[in-house]
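Presented sequentially are two complexes of chain A, the first with chain B as partner and the second with chain C.
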Partner chain A sequence: MSAETMLDREQAILKKMPKKRSTLNRKEHIWCYVFLLPQIIMFLFFTLWPIIASYYYSFFSWNGIGWPSEMVGMQNFIEVIKDSNFLNAFKNSVIYTFGLVVIVVPSSLVVAAILNSPKLKGSVFFRTAFFLPVILTMAIIGIVMKNIFAFQGGFLNSILEKMGLIDTPINWLGNTSLAMVALVIVGVWKGFGIKVIYWLAGLQSLPKDVYEAAQIDGANLFQRFLHITLPLLVPFLVVITFLQTVWAFNVFDLVKTFTNGGPFFGTDVVPLYIYRHAFEVSGGLPRMGYASAAGIVYGIATMLISIVFGLLIRKYGGNKV
Partner chain B sequence: MKKNRSSLILIALLLFVSILSACSNSAKGKEENGKNSDVVTLKLLSSHGQFNKGNYGYRQVEEFMKKYPNIKVDVTFAQGNNFNDTLLALASSNDLPDVFQPTSKYPLNILVENDWVQPLDELLPKDFKSRFPEGSFAEGINLSEGKLYSFPRIIGKKGQAFYYHTDLLKEAGLDPNNPPQTWDELLQASKQITNKIKGVFGLAIPLDDQAGLTALSLASSLQPTLDTTGFDYQKGKYDFNSPNVVKSIDFLLKLNQEGVIHPNSYTQSLTDSQGVWANKQAAFMINAHHFVRVSEFELGGVKDYDVTKIPVPEKGTTYKQLATSADFNAYLSSTTKHKKEAALLIDWLSSEPYFEKQVTDDLLLSPLAKVDQIIDNDQLKNLAKVYEETVIERPIPESNKSAFEVKKIESTLPAPQPDFNQIVQGALIGELKDWKGELGKLNDFYNQRFEEAIKKAKSNGEDVSKDAFTFPDFDGTRDYDQK
Partner chain C sequence: MVSHKPTKKIVSVLLHLVFLIVTFIWVYPLIWTISSSFKSNRELFSGTISLFPQGFEWRMLLPQNWPELSEIFHLSNYVKAWSIANFDQYLMNSLLFSVLVVIITIVLCSTTGYALGRYTFPGKSIFMGAIVATMFLPAGYTIIPVWQLINGLSLNESLAGLVLAEAGGTHVLYILLFTAYFRGIPKELEEASKMDGAGFLQTFIRVMLPMAKPVIASTIILEFVSAWNSFFVPLIFTIHRPDLRTIGVGMYSFVEDNASELSAMAAGATISFIPIVIVFLLFQKYFVDGIAGAVKG
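Moving on, here comes the complex of A and B:
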């Protein structure tokens, strides 16, 4: 076979190939959309529609029954921003979030670094132990914790008394500041395991040769952690902090079952505030329009935080990971 | 290729339809099933523990189904706020149950205003009303524009009572036959119990949801014209910051200061507090008519306890509390497709045999006086006696059509935050220093809201003023003559 004939053949094959590829691509694309369809439908019905509807409702004085008809313009938004209870709930949400981020993010990194050590025996057991609270139902945790933190006969007070750390029981849930402390403790315990897993994923993706080089150069464990591990984990730090912030900012079920926002609004957080106005109003009908406005104000705050983190992720994330 | 595309479209459609059908009303499916087998399925949503699975009401519904095999009743019980949320969600999605028994959060004015219920007159036997004693039906409570919407479920004269453990009194060296009758006696007895019995306190108070009710129950001996919503029928206005209410909160603060209130009370709801009392961690509890039943059937059969009147500030004062003999029980939803069958169920739930067994088997006082004569439970007998001696029939301004309109409008207006319960709780935990100031603000809020409702009713053409809600002759010590 001459070289010319071979070339002609190859060209003929190449001419055919793009056609086949495009058919294959189209087929693949269609299947992608078919698999995505349920998610897209769910997203449209259960995420996008409620968001759009809540924007609409927020301009009405509406109790959730029938169709909203009494338009009040920006009145709901003005009332939300002026409401001292909303500001208190917002403040509590920020305190809770700050408490969780400050405690969980660094401590879970330390624990993950220890668990990542090949010298540690029983690491599977420890990983499971740290991860267990993550899979427990939040509502059950809330109810159990209510008993653990109880003033009279509570497990925590009994332990502290037996250890001689306290003489008289602490009224964890009967005091606004201590109730917030208790809430943060439980929040930390609940969310710790998943952050450890995130950090472990990060740690296991780090290049080993850099460590070997550093070890040859005489860097000790602490120096390696400080000068290699930490800088390389910055993209993970941004993402984990972001996830922790958004998770803590939207806490609802734990607060509802553990303290119900009490005592006297001491642990009231914005999602609970919204729920109360939407469903649990005493002495009147719910205020769905007002609750929607509160949700939008809070949503904007969460979005701003997300944008900040998004910028940080863009700066430190991407190809560096 | 064409075949592949068609199958893809088919799969997509199937997915879409399956999601939609999952979201759609499951009741329709059941109804279809019902048609196929000639069985009608009714939905009953109840806020009463009596209708929890296995309890008296639930068992009676099972009896009903045996009698009417062509009617199947799906009973759902939801307590308190769960019930309120559920009912609201069902109403919003136009899926109200055929029959429902709401909490007091949904009085007739709200139900009628939102068109959730329909009259029963045409559906029930002609002599239906004559089963109940005089005063059991009143405009604005269970009648609207002369039409019957509901009927009483329990004794008309009901309210709060004082429950105490006789064995704990004895153990603390107190006379179990002579429970505290005054506030001072209550404080002293509580102190004695707290000091003498380890791990036991004087009172269990559900401060999370009933701090306000407890304060108003105590205040009612000083101001018997004030009801548990904070409305004073003699003055025709809300009176949350009256000196009597302040005095009762001061007394609660004193009890708290002395350390005789069970310390877990701060975050406890009624259910939690009932458990504390039933487990004998507290000697005293102020609670309502259902507590004898709950103590027996839901708290493991509490022993050695009795019921008496709520203590009064000082000797010589008589305890009085307000109620109306007219009351509500089950409602027929406006959207039911099985009126006839639902009416049969309602008739069953209001028959004399039902009420008879309610007293004997369920330890709940019935609205029929003759039935209540057969009580053989000591605590229930004493409870009936307490109610007989303390409960006063209040005026019913809602009987006036225009006043009913005002109440309807009022119920749609925003509620205050913090509410009365939260203010009392805040005062008790020491977080709200100026609780008296907050009470003043709360009272102003309620009265302004009330006046706004009157104004709106007037602008809707109603001839109404505050006078329709003011009863200067009513002093709260004698039944108000509704005629």
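Moving on, here comes the complex of A and C:
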């Protein structure tokens, strides 16, 4: 605080010397623009333009060759929301996302709370272990998991059989619901560690004196967690839930290499659906316009979820430390 | 109170035990991958659960028995993955790709963060507003315009195009990290540097950038891991250039064409995991700091 007021005062003093300052300012401003120029160019070409173009393309029937010319109005959008395959993929995306959020968000908090406890020895070791899957290539994880979950001779079935938990191997990836279960398990495993880090950041930002007071009042560990820690963590809860939701909603790599949307589109998700229409068309031309429209419908769905979370952050973010 | 102590101790021991078991299961897919990379294809298809390849005995760990050991551990899987499945090339591609992406990102975000963090100038709020606004707009399927753009620049099917497509987007998190860090550096340092006659650029390179080492380290590690693990962009941009494939895409196309080569797959996966795990273990602190900064900010 005091450093900031000092800076303010300094700037106020500097402002009182207008002549010298203005030439200096202009020079500085030019330098600032020079510094920003690369980012501005990149921003215009790789962020702003792609957003505008993705809207523009969505009104055309276009195979991606040349510049789109055959305008079809809202037809792509109508086709998207009427397509049962899109709706199926959307439903799967929601199931996958919901599964991940419900499992990961609370359990990662429990793990973080234990890791944060001074009574646990070797917390850095455990944290590293939980974090390890996060840094591994998602696409390669999908390939590895495909073999671990394999029907015949897969590691998971073999170990479950040896432990006597199952009599016959389970066809994990050959059954639509089980494939979704497997996908959720791997998704949980892959993203768990990063949420633990988020929660740890939250836990470490909590004021210590409240705990000491509660301890003196005779509150036990569980009571303290329930009545003090949890309410203080609400802003983090909202942010972490939001990040997990967006992350799961945009899953592509894992689904592509693990199940490729199968069996029978049982794990087909929207990013994979769009990819198929744009880049991996079997027996036909790419439908870039249609894919763009599907992308926008999905983008709007994501935005609506973001708005809900935004409102929640506003509501609960006020008492953030 | 005294009677509580032994139960507390038991609870503590149990907790440590549970955590040890859970983390062991947690990292087991990684152990499975490494273990499988030393087995034969035939053994892998038989549904083995053992950690070591068939025929392994502990006495083989003694140095005089190492020749036996090398017969049992199928090191040929690595030879196969490395030279026949082109993992040597994929590894080099991934390395080059990731390093170039990191360099571009650092240059873009450090300069942007410096200008935003330390100076006020006309148009600053417009710039900030535009960046933030695009974060909240539903983006649609932006990879198609990026693909068109790279084609338009005649960079399609080149390493430069691939790197640009990956690094080109606005990295808001890193910009914010740099902005916050540069803002926090005391003014006196800059003044002193100017007294010595250093200009804007010199002050930035000689004084400010060296001070921003923690943020640079966080950005390097976060972006390196992100680029190394990138799949979507390399998948799309190397469709017609197999020789440009990064390790994730290379691995994917390898198993698509050779579904029965389980042990070479495992060896390839191990090759791909090693660099990133080493990078992570070495720079874990910066990684965790960067991520924690993301959620706190």
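Everything that follows uses one rule, which is that the second predicted complex is superposed on the first by the 277 of 321 C-alpha atoms of A that agree within 3 Å, B and C clash if a C-alpha of one lies under 4 Å from a C-alpha of the other, contacts with A are read in each partner's own complex, and residues count from 1 in each chain.
To be clear about the criterion, a contact is a pair of C-beta atoms (placed from the backbone, for glycine too) under 8 Å apart; a residue touches a chain by one contact, two chains touch by 3 or more.
In this text the structure is predicted, and so the values were computed from the model without any measurement.
Undergrad: Chain A residues in contact: does chain B have more, or chain C?
TA: Chain A has more residues touched by C than by the other partner.
Undergrad: A:G262 contacts which: chain B (first), chain C (second), both, neither?
TA: first
Undergrad: Taking the superposition as given, does A:N85 touch the first partner, chain B, the second, chain C, both, or neither?
TA: It touches chain B, and chain C stays clear.
Undergrad: After superposition on the shared chain, which partner residues are touched by A:T302: those of chain B (first), chain C (second), both, or neither?
TA: A:T302 contacts chain C only, not chain B.
Undergrad: Quick one: is A:I65 in contact with chain B, with chain C, with both, or with neither? Answer first, second, both or neither.
TA: After superposing on A, A:I65 lies in contact with chain B but is clear of chain C.
Undergrad: Counting only touches as set out at the top, which of chain B and chain C does A:F151 meet: first, second, both, neither?
TA: first
Undergrad: Mind working out whether A:Q223 is in touch with chain B, chain C, both or neither, as first, second, both or neither?
TA: Neither: A:Q223 stays clear of chain B and chain C.
Undergrad: Which partner does A:R287 contact after superposing on A: first (chain B), second (chain C), both, neither?
TA: The answer is first: A:R287 touches chain B but not chain C.
Undergrad: So, does A:M42 touch the first partner chain B, the second partner chain C, both, or neither?
TA: both
Undergrad: Identify the partner contact of A:L173: answer first if only chain B is touched, second if only chain C is, both if each is, neither if none is.
TA: first
Undergrad: Would you mind listing the overlap between the chain B footprint and the chain C footprint on chain A?
TA: The overlap between the chain B and chain C interfaces on chain A comprises residues 27, 31, 38, 42, 45, 64, 152-153, 279.
Undergrad: What residues on chain C touch chain A, complex-wise?
TA: Interface residues on chain C, with respect to chain A: 12, 15-16, 19, 23, 26-27, 29-30, 32-33, 36, 44-49, 107-109, 111-112, 114-116, 119, 121-122, 124, 127, 130-131, 134, 136-149, 164-165, 168-170, 175, 186-187, 200-201, 204, 225, 228-229, 231-232, 235-236, 239, 247-249, 251-252, 255, 262, 265-266, 269, 272-273, 276-277, 280-281, 284, 287-288, 291-292, 295-296.
Undergrad: Could you pull out which chain A residues touch chain B in their complex?
TA: Chain A residues touching chain B: 27, 30-31, 34, 37-38, 41-42, 45, 63-66, 83, 85, 146, 150-153, 169, 171, 173-176, 179, 259-260, 262-266, 279-287, 290.
Undergrad: In the complex, go through chain A and note every residue touching chain C.
TA: The contact residues of chain A facing chain C are 3, 7, 10, 27-29, 31-33, 35-36, 38-40, 42-43, 45-55, 57-58, 64, 114, 119-122, 125-126, 128-133, 135-141, 143-145, 147-148, 152-155, 157-159, 161-162, 189, 194, 197-198, 200-202, 205, 236, 239-240, 243, 252-253, 256-257, 274, 278-279, 288, 291-292, 294-296, 299-300, 302-303, 306.
Undergrad: Hey, which residues of chain B end up touching chain A in the complex?
TA: Spelled out, the residues of chain B in touch with chain A are 4-5, 8, 11-12, 15-16, 19, 23, 81, 84-85, 88, 91-92, 105, 110, 114, 199, 201, 208, 229, 262-264, 266-267, 281, 411-419, 421-422, 425-426, 429, 431-432, 446.
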